[in-house]
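Two complexes, one shared chain (chain A), two partners (chain B, chain C).
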Partner chain A sequence: MTADVITTNARARPRARREPWLDWMVLPTLIVMAVVVGYPVVYTILLSVQDYNLLDFTPANYVGAQNYAKLAADSVFWQSLLNTAIYTFGSVGIAALLGLVLALLTENLGGARFRAVRTLLLMPWAVPFVVVAFLFRYMYLQNGGIINAVLLWAGIINDPVPWLNSAMLALPAVMVANIWAMAPFFFLLVSAALSAIPNEVIESARVDRAGTWGMIWHIKLPFLRNPLLISSLLMVISNFNDFAKIWAMTQGGPGYSTSTLVIYVYRLAFESFEFGYASAVGVIWLVMLMALAWLYMRALRMEKR
Partner chain B sequence: MIRNRKSVLKLLAAVSVAGIAAGMAVTASAQEKITITFANWAAAEGTTKPGIEKVIADFEAANPDIDIVSEAISFSEIARQLVLRARSGNPPDVAQIAGNDTVLLGSTGALEPLDSYVSDELAANLKSGADAGLRDKDGSLFAFPWNQSPAGFWYNKKIMEQAGLDPENPPRTIDELNEALAAIKSSQPDVIPLAIDTTNRPFALSSNWPWMQSFGAVPVGEGATGAESEEMTAYLNWMREIAQAGYIDPGRRIGEFRPLAAQGNVAFIWDQVLLKGVMQAASGMSDEEFYETWGVTTLPVGGGKATTFEGGHQLIMFSASKNKEAAWKFIEYLATSPDAIANYTTSVNSSLPSIKSTGNAELDEVLSAPVFKAFSEEIIPTLAPQPYGPEFAAAATAVMAGVQEAVTGTKPIDEIAASIQQQLPQ
Partner chain C sequence: MSTATKISRPRLAPGSIVRWTAIAFALFWSLAPIYWMLSTSLKTELEATRLHPTLWPEAPTFANYIGLTGTSLPFVAFFFNTVLSCLLTAVVCVVIATPAAYALSRARFRLAGTVGYTILAFRMLPMVVVLAPLYLLLLNARLLDTGTGLVVGFTTFGLPFAVWMMKSFVDAVPIEVEEAARVDGYPRWQILLRVVVPLIMPGILTTGTFVFMEAWNNLIYPLTFITTMEKQTLPAALVLTFTGQFKTDWGGMMAAATITTLPLMIAFFAVQRSMVRGLTSGAVAGA
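Up next, the complex of A and B:
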């Protein structure tokens, strides 16, 4: 028996070594990927080194790194980049924390009560992004918005607050709408991860008289670390590309206070029709997204181990 | 009835032959019929949709050999879509367009020059200045004026009266306006004293341009004073003052103020001639009630002069159109036919035709209504061309972002002006 196994393994190893790095079977997938992903990426990179305006029907001019040099001195680009970072990491961080807290609070609710609460908490996730944006836009209205009306009625404020019309408040206000829509995702994910913690571990902790905080901090959070990390990275990538909510609520304004990279690229490409320069911003944006995607893949690999 | 297989076969053969013949006849008739695609936002908006659909149906009835395919595209999207379609080689035959977007499309070279289609008679009937800004450097007409819709300074007489102001004497200067705004704010805190569009889009710059000119400021184009000029900072400072005093409601599109104005919640509104129709549709006000409540005049002036902008719509024909004669027939019908003017231009679109004489007594009576008269005699003479083109679109983002910073933030005005100047196309 032992000899047979050894022989089989010995045979398997050279076969594994002979495995081609590219199997013919994956070619159709590669071709589709090349057309759907590869072509737009390569074309964007090519456009980024050209002076190409859609309104100008003459052929585009090669300008080398000129678009990238312009970008380095473009204050709107840097502000958009900063806004993107604040919007993305701020929203994801707070939504993850909120989702975690909600999941821990509702963990022990059983039966119909839990189902009702869970349904209620998940509802914002089911609302389309554009609807969320318009919902909050009308709630935030300086005159006639429900938020100001309630705050005025409660005597918390004396004058209506220009939530979306203040350069200081607009970004946090848009982030609140985003967090409201995103927190249920984390709630769902953490709830699932909590239910997957082995009962033996919980029982052992109880036998050892672990308190509520000790149980959360030393037992539950270590189990939740990987799911939270992976879902956060996924949400970071998704929020990095978020266009609908910001555009519908503020169109990047007032001024450039809520302008993110995706809004800036849209304005450059489809309002100024500067496809060359917009592509240069797009390439930088792509590089950042790829770095985030790489982190995500790494986190996935770590979890498998 | 059918006795044998042979009879059945004969019948089938006869039916087949008849069917093929009928099919060929239908195909031949379809081939004779010309299809014109018409990209427009009139069919995308609830108030104008029935009107434009009726005009199209009337045109098709009068021209049975022409089929109009109306493509409804929103106002904010149409320029983008037309540029992309022109670049990809599948533009519509005819399109509705306005403001800076008209000149943007003209600058692509994808439009058909219209001079050869315009008869001498039609050229002589065009209102003076109706085609201003619609000709390229060579003087060639790239867009035909469909209608005129300049902006006027609308004032609510009832609100003015309640504020202790003379409803028959609207403010003529910025100082008078400031006093009126203060009186309205203190007497009626729930009313929006002044409605102006402060969004960040080319239309908002067009709309705010006359306010800038009222202070003598010209941010870009010919005779530009630049963004850091004394005149521009005076304008930005004034905008900040009225925003901080709560006289304006920043961030709203002009369209969002219209229902509020119809409900009597806006004292002054800087809007186009179409406002009358929109307010009446929203409130159900009769003409008599409307004129008792609303009046319209020219823009109050600061250090500069009173001007207005042309918010009217134009019609363009793409060079790629395969049916140019039919396309022109449709353009001419929309802009000059008394039926089209009555059913769309002066009614649902509440604008003025671009021609002097409609040749229709009933229409002439409609056009002598107080609002149309005020626009024709008082406001249209203050029309001032704006430096439309690709640079205007780029400037719009920079200037309106600066205006938004001035009205919503605390950054010093000098810094805002410097930032606008830095962003302006060099």
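Up next, the complex of A and C:
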């Protein structure tokens, strides 16, 4: 299955013969990854069945599935899982939609004007995650934050809103910052995908007098479906891993209202040093993420066909 | 194409008002926070925390930037730590990934597909899951709290990414250009170095920049692996100092944030054009 992907993918490969030394060129990568990724993964699985705590002086014991049983009854785990899902799918969905709309809006600007607008629209993407977090944290300030100041001035609210200190508003507030930083990625990608639509397709649709909406819906969206799907999946995976923005904005609080799995595992491992239990959470999560990764790779293969 | 736009232009007139309004709104949404960061960094501590914020600094001052160099906190060291570890990561990843990408692109050895997808799967591992074992690994290797340890950490996610992105650039090089060199009997690694590498130089730079940017964005590894303040990176230093020094000094905070952003912006715009190609043809769209 994988082999035929490689061969169908090969553009100019008929001449390439089996050359054993080519294998050696992959070796450095494989060795490095085996040490820094493969070994830690195996080690995580081993840790997850032990009661290993870095602060304990007693050696770790094999506890079997005990960590996993504890996890099933751990309400913080379930809340973190739910938060992760909301944070990830909510942010990615909205960012993808925004990127799509922006790309369609700027599509026919042409030449220098498009490049200028594109450069400006892409800027949030070049802002480091930690800076995004602190910048929004500053703008969200209850007293003296620009967002509350503007909303008060416009008469939309009567009292300053404690954006990041409210268990209900904190997660959406963090998501807005995340969407701000991520939308340019989708904008860039959809723009590129739009320009890759063959001219003849657009022309013939125009001859058939397709309206603006008909053109977008029936002609352009089908071309954008695969790039959007693949980039969304990729962003879902990277959002699952997002630590910097949430940690620097709320540290998972107030309470556990913005705690995602990353935050939870980090707290377990590096605040209470419960490496064993943290690893069990990690393993469960690994399984879920690998399912997503599998979907992503399937989408990649379908793209190639 | 040009005739078609000419025909449709009169019809677009009312629509273009809507469109430009939307674009203006999008520009505002994208740029206002960045403006806010810059303008706050030029305000005094008092003005930055005022209850009714001023849109434009009343008396713009660079005091916040100058303050970064003079405090008890070694911001200059943070800056160089970050630049150094991120650059080193980019170089290490690209050097190891180039032959791997070349082999995966050109070879038809039996495991090429499996190896390729295994590398991609590594890319998708949750960083935090390997964090605890990686921590113990670095602890045993006595690399905890060192720049080398940090580079090792950054490599865990930079390398698989680099391999896949580079592969798409190698795929785009027609095999015919290698034929002449091969007929002359050059060994493969020389063909790679003398023929292929010069051709994919833009790809190498783009990939390197991406790895650099991702390392720059990484907060969890420096926060975990580095314990001495002087060895810390900028993003982690921002988080660690915010609880202390910058608790209320938002002007100083935003100045530090601007300094943290600057190198990334420069790197980003340096490769912007080839990045579009790299992203669409490669790592994301999957060539």
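Operating definition for what follows: the second predicted complex is superposed on the first by the 272 of 305 C-alpha atoms of A that agree within 3 Å, B and C clash if a C-alpha of one lies under 4 Å from a C-alpha of the other, contacts with A are read in each partner's own complex, and residues count from 1 in each chain.
Going forward, contacts are C-beta pairs under 8 Å (C-beta built on N, C-alpha and C of every residue); 3 or more make two chains touch, one makes a residue touch a chain.
Note that the structure is predicted; figures quoted are calculated from it, not measured.
Undergrad: Let me test your reading of the model: by the given contact rule, A:N53 touches which partner, first (chain B), second (chain C), both or neither?
TA: first
Undergrad: In the superposed arrangement, which partner chain does A:N165 touch: chain B (first), chain C (second), both, or neither?
TA: first
Undergrad: For A:G253, using the defined touch cut-off, is the partner it touches chain B, chain C, both, or neither? Pick first, second, both or neither.
TA: first
Undergrad: Should A:V127 be classified as contacting the first partner (chain B), the second (chain C), both, or neither?
TA: second
Undergrad: Where does A:V265 make contact in the superposed view: on chain B (first), on chain C (second), on both, or on neither?
TA: In the superposition, A:V265 contacts chain C only.
Undergrad: Counting residues of chain A touched by each partner, does chain B or chain C come out ahead?
TA: With both complexes superposed on chain A, more residues of chain A are touched by C.
Undergrad: Have a look at where A:W180 lands relative to chain B and chain C in the superposition and call it first, second, both or neither.
TA: After superposition on chain A, A:W180 lies in contact with chain C alone.
Undergrad: Look at A:A278 in the shared chain and tell me whether it touches chain B only, chain C only, both, or neither; answer first, second, both or neither.
TA: In the superposition, A:A278 contacts chain C only.
Undergrad: One more residue to check, A:N143. First (chain B), second (chain C), both or neither?
TA: It touches chain B and chain C both.
Undergrad: With the two complexes superposed on chain A, say which partner A:W213 touches: chain B (first), chain C (second), both, or neither.
TA: neither
Undergrad: What part of chain A is shared between its chain B contacts and its chain C contacts?
TA: On chain A, the overlap between the chain B and chain C contacts is residues 143, 270.
Undergrad: Spell out the residues on chain A that touch chain C in their complex, using ranges where they run on.
TA: 1-3, 5-7, 9-13, 15-26, 28-30, 32-33, 35-41, 43-44, 47, 101-102, 105-106, 108, 117, 119-131, 134-136, 138-139, 143-146, 149, 180, 184, 188-189, 191-193, 196, 199, 203, 206, 212, 227, 230-231, 234, 237, 240-241, 243-244, 247-248, 261-262, 265-266, 269-270, 275, 278-279, 282-283, 285-286, 289-290, 292-293, 296-297, 299-300, 303-304
Undergrad: Which of the residues in chain A end up touching chain B in this complex?
TA: Within the complex, chain A touches chain B at residues 53-57, 75-76, 142-143, 159, 162, 164-168, 170, 250-257, 267, 270-273.
Undergrad: State the interface residues of chain B toward chain A in the complex, per the touch definition above.
TA: Residue positions touching the partner: 80, 83-84, 87, 104, 107-110, 190, 192, 199-202, 246, 249-251, 390, 393-394, 397, 401-402, 404-405, 407-411, 419, 422-423.
Undergrad: Provide the residue numbers of chain C that touch chain A in the complex, in ascending order.
TA: For this pair, the touching residues of chain C are 1, 4-5, 8, 15, 19, 22-23, 26-27, 29-31, 33-34, 36-37, 40, 49-53, 96-97, 99-100, 102-104, 106-117, 119-122, 124-137, 152-153, 155-156, 159-160, 163, 171, 174-176, 179, 188-189, 192, 213, 216-220, 224, 234-235, 238-239, 242, 250, 253-254, 257, 260-261, 264-265, 267-269, 272, 276, 279-280, 284-287.
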